[in-house]
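Here come two complexes built around chain A, the first alongside chain B, the second alongside chain C.
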Partner chain A sequence: MYNFEFVKPSSIDEAVAALGEDEAQALGGGQTLIPTLKQRLARPARLVSLSGIAEMKGVGAEGGVLTIGGGTSHATVAAEAAGSYPALAALAGNIGDPAVRNRGTIGGSLANNDPSACYPAAALGSGATIVTNAREIAADDFFKGMFTTALEEGEIITAVRFPVPQAANYQKFEQPASRFALVGVFVARGGDGVRVAVTGASEEGVFRWSEAEAALASDFSTGAIEGLSVPADGMIADLHGSKAYRAHLVGVLTRRAVSAAS
Partner chain B sequence: MIEAVKSRSRKRLITLTVNGEEHEIAIRPNAMLVDVVRDQIGLTGTKSGCSSGSCGACTLLIDGRPMLACSTLAVECDGKAIRTVEDLADGERLSPIQEAFLDQGAVQCGFCTPGMLMSVTALIASNPKPSHQEIKKALEGNLCRCTGYNAIFNAVLQATGQDGIKPIMF
Partner chain C sequence: MPKDSGIGASDKRREDVRFLTGTGNYTDDINMAGQAYVHFLRSDVAHGRINGIDTAAAEAMPGVVRIFTGADFEAVGGIPCGWQVTDRHGNPMQEPRHPVLAHGKVRHVGDPIAAVVAETLAQARDAAEAIKLDIEDLPAVVDMKAALEDGAPKVHDDLTSNLCYDWGFVEDNKDAVDQAIRSAAHVTTLDLVNNRLIANPMEPRVAIGAFDRASGESTLYTTSQNPHVIRLLMGAFVLGIPEHKLRVVSPDVGGGFGSKIFHYAEEAFCTFAAKAINRPVKWTATRSEAFMSDAHGRDHVTRIELALDGDNNFTAIRTETLANMGAYLSTFAPSVPTYLHGTLMAGCYKTPNIYVNVKAVFTNTVPVDAYRGAGRPEASYQLERVIDKAARELGVDPIALRRQNFITEFPYATPVAVEYDTGDYNATMDTLEKIADFGGFAARRAASEKAGKLRGLGINCYIEACGIAPSSLVGQLGARAGLYESATVRVNATGGLVVMTGSHSHGQGHETTFPQVIAEMIGIDAGMVEIVHGDTSKVPMGLGTYGSRSLAVGGSAMVRATEKIIAKAKKIAAHLMEASDADIELKDGAFSVAGTDKSVAWGDVCLAAYVPHNYPLEELEPGLEETAFYDPSNFTYPAGAYACEVEVDPETGQVTIERFCAADDFGNVVNPMIVDGQVHGGIGQGIGQALLEACAYDEDGQLLSASYMDYAMPRAGDVPFYKVDHSSSTPCTHNPLGVKGCGEAGAIGSPPAVVNAVIDALQSGGSKVTHIDMPLSPSRVWAAMQA
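Right after this comes the complex of A and B.
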């Protein structure tokens, strides 16, 4: 790993200032970034650790909205959101392994937008709001394709707000070696209808399956989506599964999620 | 440019409490915790396996929680308490978890063992009677390439005083 300057600010304002320098890179839990740096795939001049910022940590529920600090670990979400948003807590509790969950953060995961990560499905499927140091971004406007988001250079995810739905469930078909989602589907039924968000499948990263959403809005049952399928075109193909296989899994996992949430 | 590189690689002092003992250590910002623990503090029980966050061999406890020392910057651990496999035994007396690993033949080459022991130590500290599913989940990040999982699983059952140990044919 190349060397770098390391700073660990204790407030969001200090972190934003520290990220204003050329070639500065924010560091969340480092569970993706550190291996990336070790492979010399990136060479930031300065790492700005977000782990010392107390105002970016914690889980709070108020008025049907769950707010999670951007620097909150997966393990903390799994434990502290279990009462207020069980589907989200279960998702967080199945990311990676215990060591990854103890360091990895929700802000880091969303900012990275790995096409097979779990949190993007939860944020898009819940209709969450991504709160940064500068603005609020609806999840529908946040994910811009594989490893790409609406975040500007130096912008930090300080919190994520999840409207807690009436019912929700996440089904993950795990790639057993990496424990990322080969395909994952998050289904949420709330006052505004039904949202179905799919991760792991598309070359464009997480997406909403609008056809299934429309069918489920009038009839929230597995029967309503029995005949629906997503086109294999644009799906990821790798040694773990073909495009057609992933497209098939989207249907299967959506039905399982609906069944579990019904 | 040369000045910038020099200042970037300048060492800084951090304080780590390792197995109850405080160490003040000079490190560069890019030093990994696993290398500092092994090479600077001299505790080589923690192993460096894949060095990319996949195998779990380097698992140790930071403030009581299992984490990967190969994917954690030492500088991030300034002021924190680290616990390694060397701290499990009391002198010559092994911990119940270590005894159980011996009894069940849960060690072959031994490279994954320190990480396994630390993951199990963290599990039992918060959950003295884990279910079979909870044991598997606690160890999902620790890989054993000698295919010793059944013996390791049995060892956790023994260490937690539970039934269900299945004999293994060697």
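Right after this comes the complex of A and C.
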């Protein structure tokens, strides 16, 4: 780790101001950023902790929309969304280990957009809205490929709004070492149809499997997508799985998610 | 009936009180006045020529005390290798120099190039970034076959090739083996890889060097399994410090699994640098450094052929193995694929003709050396996989095929130079059949199939050689050390005992089991015995802990020393009771005169030894302290039968272990609970190897599995509840306790059982797959199913 200054504002405005300074970076739960700093792979001059901002924390349901503060921990979501949006709560409850869940935040996870992370699949699969200090961004416009998002420099995710679907399920097939998603599929069936979001698989990061969505929209059953597959081209290949394996898992997990959500 | 004290009792591990309450004293807990910190600048390329190292800017950085490079170590020795293998043609292996800091070339990612000593670790790291390296990339050799090709880049320019040795065992068997294979009724051939592993003990390596100007004595605190071996290797071969001026201390050590046997460059560096700057120098490995600097394990590529006659009797075994040495020879690396591997190729079977060929190869990777089991898991894996494959090819029951070929008469001299003193492989198989409920398997398989899963059952019968080792034998085979063990038993005036042992405990529970042995011999409470280990200034020359040798060899030394104590104490008791020594009996902590009611307590005899007012001073020295060195006459041969049941998800290739049963023959058992624990841990590591762990390099020699993000360690949820049983026991015939050793068994016995089970599961689903290389990750199993 290199030296840095540390500030811990108590409001979004103060945080935005602090992030306006040169080489400032937001610190959420630190579950991604702190290991990066320890490896000396990042060198921010100042860290602006978001953990003291009360207005960025908490889970609230209103009018079929679940709003989660950007600084809310995975453990809190797992506990507090269990009644209103069980598929999302289950996803949060299976991220990392208890220490990661107690520190890591939804804002940090979405801002980081790790290609193997779980929350991006939930946000894209639910058609969520990412709320920042400056604007609202539809999930469809937010994820821009591996580790890249629509966020501007210094922009903070203050909340995420999830329209609660009629039925949803997340299937995560764990990478054996990290236990991130080797492939994860989030399926949600709502008023506007069916959304299928896939994480872990593509070199472009989280994506919607539109063919499956179309098939499921008219017939929400595993039979509707039997035989459907994504092309192996463009999938990630690494120690833990080939492109073909990942493409295969997308089909398997989508069917399992549909079956669990039906 | 389980006993409640002494040998056979499951005493709770007394060391766990400090381990579990955070009051242990690990090397990193030690901080010395005035200590400086070292950070090693390590190579990020696998192979390169060092054209220049410019430390000028770094020297000027805040807090920097001194920066060392390879040039500073030209006058000292290289890191030595402790074993010289002689090749098939009678020539010694090729043995390259292993400099403390890279000199001339870097040879693997992680090879230390420069060492920055500074007031703080952060300052050392900052300064290391200011060092300017001029390193010319050279093509790396990673694949062993490619490394042996003509014209391959050489890891060591001054060697003739990347071949360390080409070893044949037993060379005289070769023609008979070839002939037996040519004339066999059936030959089963299997090509397989024994995957490269990283030990990953919970505690990373740490070293602190210190120098005392007044006495001229150097001290090294280090995370070692064998402090005397480090003192000998580092003092005599690297730094030229005589042993009376060098103290090595290994306090509490948080696991080793082999990786902390070896003498490492960082130890020599800290000892050297402490003297050079006249301040203690401390190094604590980060986990990332551990991945690229701890010796790795396994990494064999093997073809094995098993020949059978028309009645399915094994007639010959022939193996060809490439064994990766990495970039340098780690301390015991050459012995692992040879004498710890070839000698075990007979397994539990009476195969008359066996020939093992091993080519050890240098590559631009981290050195490879012993890892839990060391050579024996590699032998067991090949043999038990090829037997399983043969059973399938011949359509015979794999258990029946094994039983038919079991060795049943002992002692048994194998065609690969060892003699098994005792064993009963049918008995362990009988025990396994009892605990594993083979009868219920068909129903369990049906239930799995109903749930859409494939279920398989895999068997393994391992044997291993432990209690390492008879010094004269290993000397002939190339060991540059003896392999006896020592113990000093010091009885205090008030009757308590302190035992100084050369065995080192780094999780095995010696502080609990060793006292149980002595307590049993004297008839006192185990609480009266304390174990001291891990400090060359306190303990007589000992060889440390590895190869399941602590109880079999170290325990034997302790027994011998205690016997001497008892013999002397009897003389004192005889004097006190005015009787003849021959009539004295020791029972329940009291000496009595046979046939009388005269008796004197243990404590009174001890007191008399140190307060010799009424004492036979003309015949007997006062005091009660004895030392014994024990050199075993043979290895011990633990063996067992393991059964694993797996479920495979045919859609994803995911394997789950549903049941795991182990029937072991460890000879006599001192503490059954601790033995269970050793077996549990070993099986856990074996399952890790079979399903999860893979140390992987890319073709440029970059370590792909360089952190826990990519190197999969087994976790609690990956293993089932085990059933372990060590009731079928054939005590070792040549050591005083009749013990064989249990530390490595689980890691040796489990991988073949797991892989055999997965193949069984896949074939039950109609797949034709006959082999998958470990680890059997979901993607590999799925890919094999598609083929």
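Just so we're on the same page, the second predicted complex is superposed on the first by the 262 of 262 C-alpha atoms of A that agree within 3 Å, B and C clash if a C-alpha of one lies under 4 Å from a C-alpha of the other, contacts with A are read in each partner's own complex, and residues count from 1 in each chain.
By definition in this document, contacts are C-beta pairs under 8 Å (C-beta built on N, C-alpha and C of every residue); 3 or more make two chains touch, one makes a residue touch a chain.
Everything numeric in this text was worked out from a predicted model, so none of it was measured.
Judged by the touch definition given at the top, the superposed model places A:Phe173 against chain C, while chain B stays out of reach.
Of the two partner chains, neither chain B nor chain C is touched by A:Ala82. By the touch criterion defined above, A:Val252 lies against chain C but remains apart from chain B after alignment on the C-alpha atoms of chain A. Contact with chain C, but none with chain B, is seen for A:Arg40 once the two complexes are overlaid on the shared chain.
Once the two complexes are laid over each other on the shared chain, residue contacts for A:Leu239 go to chain C alone; chain B is not touched.
Of the two partner chains placed by the overlay, neither chain B nor chain C lies in contact with A:Met146.
The interface of chain A with chain B overlaps its interface with chain C at residues 1-2, 39, 178.
Chain A meets chain B in the complex at residues 1-6, 8, 27, 30-31, 34-35, 37-39, 45, 47, 49, 51, 75, 96-100, 102-103, 178-179. Residues 4-5, 7-9, 28-30, 32, 51-54, 56, 59, 62, 65-68, 71-73, 75-76, 119, 122, 137-138, 140-142 of chain B are the ones touching chain A in the complex. Per the touch definition, chain C reaches chain A in the complex via residues 122, 125-126, 129, 288, 651-654, 691-692, 694, 696, 704-705, 708-713, 777-779, 782-783. The residues of chain A lying in touch with chain C in their complex are 1-2, 39-40, 173, 176-178, 182, 238-242, 244-245, 248-249, 252.
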